[in-house]
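Each chain gets a letter, A, B, C and D, in the order it is written, and its residues are counted from 1.
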Amino acid sequence: MAQLAINIGNLSLRNPVMTASGTFGYGLEFTDFIDLNRLGAYIVKGTTLLPRQGNDYPRMAETASGMLNCVGLQNKGVDYFCKEIYPQLKDFKSHAIVNVSGSTPEDYAECAARVAELEKIPAIELNISCPNVHDGGMAFGVSCAGAASVVKAVRAAYPKTLIVKLSPNVTDISEIARAVEAEGADSVSLINTLMGMSVDIERRKSNLSIGTGGLSGPCVKPIALRMVHQVAKAVKIPVIGLGGIMNAEDAIEFIMCGATAIQVGTANFIDPAVTMKIIDGMNDWCDQHGVKNIYEIIGVI
Amino acid sequence: MKKYVKKLCVKNVEFLREDYILLRLSDPHDTLPEMLPGQFVQIAVEGSPATFLRRPISINFVDKEKNEFDLLIHAVGDGTRALTRLQEGNTLSCIYPLGNGFRIPPIDEGKKKFLLVGGGVGTAPMLLYGQCLKAAGHEPTFLLGGRSRRDILELERFENIGRTFVTTEDAGMGEKGFVTHHSIWQTETFDSVATCGPKPMMMAVGRMARARQTECFVSLENLMACGVGACLCCVEKTVKGNVCVCTEGPVFNINDLTWE
Amino acid sequence: MAQLAINIGNLSLRNPVMTASGTFGYGLEFTDFIDLNRLGAYIVKGTTLLPRQGNDYPRMAETASGMLNCVGLQNKGVDYFCKEIYPQLKDFKSHAIVNVSGSTPEDYAECAARVAELEKIPAIELNISCPNVHDGGMAFGVSCAGAASVVKAVRAAYPKTLIVKLSPNVTDISEIARAVEAEGADSVSLINTLMGMSVDIERRKSNLSIGTGGLSGPCVKPIALRMVHQVAKAVKIPVIGLGGIMNAEDAIEFIMCGATAIQVGTANFIDPAVTMKIIDGMNDWCDQHGVKNIYEIIGVI
Amino acid sequence: MKKYVKKLCVKNVEFLREDYILLRLSDPHDTLPEMLPGQFVQIAVEGSPATFLRRPISINFVDKEKNEFDLLIHAVGDGTRALTRLQEGNTLSCIYPLGNGFRIPPIDEGKKKFLLVGGGVGTAPMLLYGQCLKAAGHEPTFLLGGRSRRDILELERFENIGRTFVTTEDAGMGEKGFVTHHSIWQTETFDSVATCGPKPMMMAVGRMARARQTECFVSLENLMACGVGACLCCVEKTVKGNVCVCTEGPVFNINDLTWE
């Protein structure tokens, strides 16, 4: 049994395997398939101050080795989360982390402040990289100033571990990473989805209601690995890597590129039990390769 | 209801037409869970490079004694075509049973008459619904529509369960026209109507039912990624806002939908 | 027979199907499989003023529905092209277009000037987007100022049709497109490859000699479609779309998103005769859908 | 030599070991083109989602009379594993014949003695080379190496063509050790040595040959994308700079390589 425990800010995780926001519901959707308690952490769906209906159907299109989505942050708002969902989550042994989104820095900060009051939520992940909403979302994540403004506001309102989720739709992701690090982020997670499109040539229309969507799945893994590698070299805070992870080997690729922890997203749709296999697989791989502690291989490339 | 992700075993692949198969599955190790009509299975398709996500397929028929169940699959694209290449003895990863089923009222509320209207591969859930209604003591009547005779599948199985009427657009079988043109709508009344098939057909059936002040349930086939309520991709606009078809459906009371 | 002929600047192409630079050699490598004369145009490999050895082996890694390469512009220099290759190309009926690269704007301009002298080469494609070289290449293509500086220098030296190939590794590709349009580019082509990485966890090393490489193939198609759509709305010059095109339907997706012509890259490796199938398939599709002239569907989405 | 992209027909799939197949292909419509030893085929693998590019495989044996040829395939990953699932009658898209072959000197320059050294699946091109050398009137001798007896494949076919020596690391067959330890190096001299297999083996064979001032040709297996000289991915550093293995190789005079 290799030592897989890692730290992100003040947060100790039993292993580096988390689930990605928007691909794992509130975790509760998966309790028939896996033991939530075994996860390093699970990040619940994008939450905003006020409820949102999200975008119209169709919201999804399959692509080569991946998918596009334009869900657009459908959620019942942070108060609903605090009242209805939190009580169902708080007794799991794994950390629940809330993915926070908004339209203005104040919005984000207010939402974060409400989550801060939830004793058993030790961290939030700030989503400044959603490509599927007009206001906020990716608009902040694609410039240093925008990213910094949100992180600054939230940092003032949120005392616990603050993870900032970065957009890959930028020229230089390490620059954005440094900007959010400078504003006090405890960690960065990357990548969110890449903005893409898919066309129905018979109907002469996009397959997605809003025209474009966010690309995820194994097709984006090469881009995600490159960005994780770049960012890990650029910042001192721990990096959480994701994008196309389907199995333990993929996870280890990210770790070797500099990720301290990883998230599993789209793979949950293909195999709802995949996270357990990844945890077991990482452990086996370490054992077979004489890796006693996962920190031995973080960033070896 | 508890959901499972399991490797099921292919017991039989029967071609009903060159592009339709009846796929018989079984769990070699456990008793199959209870499956309700309208519920579906998310199938992982192997050996099809173009198919990344699972494919949702309705449960068509359940044989509890043999611990087997059937899926009726129409090969319309790469994923479903790959499923037609399955062979007896292959294993198939399935997440199931998913979604909510059609309602089966307790018989002590009174025996009820149901009209189950299916078009194309939308007949698939109707067979199991009829099977369950009959087992519960109700009276299912089937109305199946197609362009021509060759679109009417599993006819004998339907007839084994209840009266079965057919419409075809070319008059090759049953009455000529669409399902909504069938004379049964004029000659009989039903306590409940259920339908699955192409959206225009379901909308037309809904209008027929509404005109008769009969409740009407539809089974939707929205595009799905996860099938378990995690991705929010499969939403349908309802009077309560956007809801997930995979968890709050696929069966909906047509009054709850915002179809004009 | 639908009318497939299109114009790019002063250039008339018999159909919108071109081959992408670096994936089609000098065209001559494919004469056993296809009739070069049937192509709209073919773009030969990246050419620089002086010969280049390219990067070390390994230069390639397969990825989910795609591949990474870090060839790094290996070529024998523009003079070799003019002396040894051009005579072999000049009698084909399709247009040969030279993909020009360099380290400085002057470099680019000088190389372009030499190609300008070749009577039967009616156009060049300026590669300001190669992610696999340190000097020049993508460095120019990721900022408006950089892109403009190269185009300006080349425009002064090159009187024929000037296509500028854009990098997808940017925050806002339409901004770059507008910048090169303003400097007199006759057309833009996109996308070049996305920078990615691939890891051999056994050897704890990148699978590519220089660490990173450029991602191509169907995995990038959703991103390419989105960018073509964006750029087509942002500029008035014709857009040439590419990225993951494997068949006629893919090509029509790009056309509907606003591409006047398309290029086929990685697909040539999978099927060296694919371009002929795409031409025939586009023609069939138009006939079956009552499209008499390809211009009817350019940019309908 | 003209290259073709063709759908060939699978005539036979023989498992030589659980992870080695001998795949027999034929062109159902045309006479096969001439194929030289060392040349290879780029195969499009179907039904393997992880396999995007074609896979290069050496030509192992040609039967002109039957219009058939063989490939020896070691299942090492998803692509080659998918090839082991091929069945008689399947079609397979192949680009071939690719690359340059081993040199076969005209017999009027004199009958020559060749030592053909193969390790693992690197024995594949050696069989055809021996076949062609013999047909041209030369004398091929084979030296095959493996870890144990089960690594020595197609032994009978080699023996039908020429003297065949074996080394195994566990002494289970032939002499114990690596190919370079075999006594033949001490007891005989050859006019030419050719080798294909793992790089350390080829380097060691190269050193043995050089020490004996014998010319030595190696067949390289660099990673390839296109196989036709278009992508420049397969390059090997040579005294003339980076050259494409797929067009200027895969056979190289070891003196032209920069292997120290």
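Throughout what follows, contacts are C-beta pairs under 8 Å (C-beta built on N, C-alpha and C of every residue); 3 or more make two chains touch, one makes a residue touch a chain.
In this text, all values refer to a predicted model and were calculated from it rather than measured experimentally.
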Query - Those chains which touch chain D and also touch chain C - result: none
**Report entry** Shortest walk length in steps over touching chains, chain B through to chain D
**Finding:** 1
Report summary line: Cα centroid separation, chain A vs chain C, in Å, comes to 34
Query raised in the report: chain A to chain D: how many Å between their CA centres?
Result: 48
Report summary line: Multi-partner residues in chain D (2 or more other chains touched) are 49
**Report entry** Sites on chain C at which at least two other chains make contact
**Finding:** 63-66, 217
Query raised in the report: How would one label the connectivity among the chains shown: line, ring, star, complete, or other?
Result: ring
Requested in this report: Could you please write down every pair of chains that are in touch?
Outcome: A-B, A-C, B-D, C-D
Report summary line: Touching chain B in the complex, chain D uses residues 47-49
Report summary line: The chain B residues in contact with chain A across the complex are 2-5, 44, 50-54, 93, 95, 222-237, 241-242, 247
Report task. Write out the stretch or stretches of chain C touching chain A in their complex. Result -> 63-66, 68, 142-143, 169-172, 194-199, 201, 204-206, 211-213, 215, 217-223, 225-226, 229, 244, 249, 252-253, 256-257, 285, 297, 300-301
Report summary line: Given the complex, residues on chain A that touch chain B span 22-25, 29-30, 32-33, 45, 53-54, 56-67, 69, 71, 74, 217, 266, 268-273
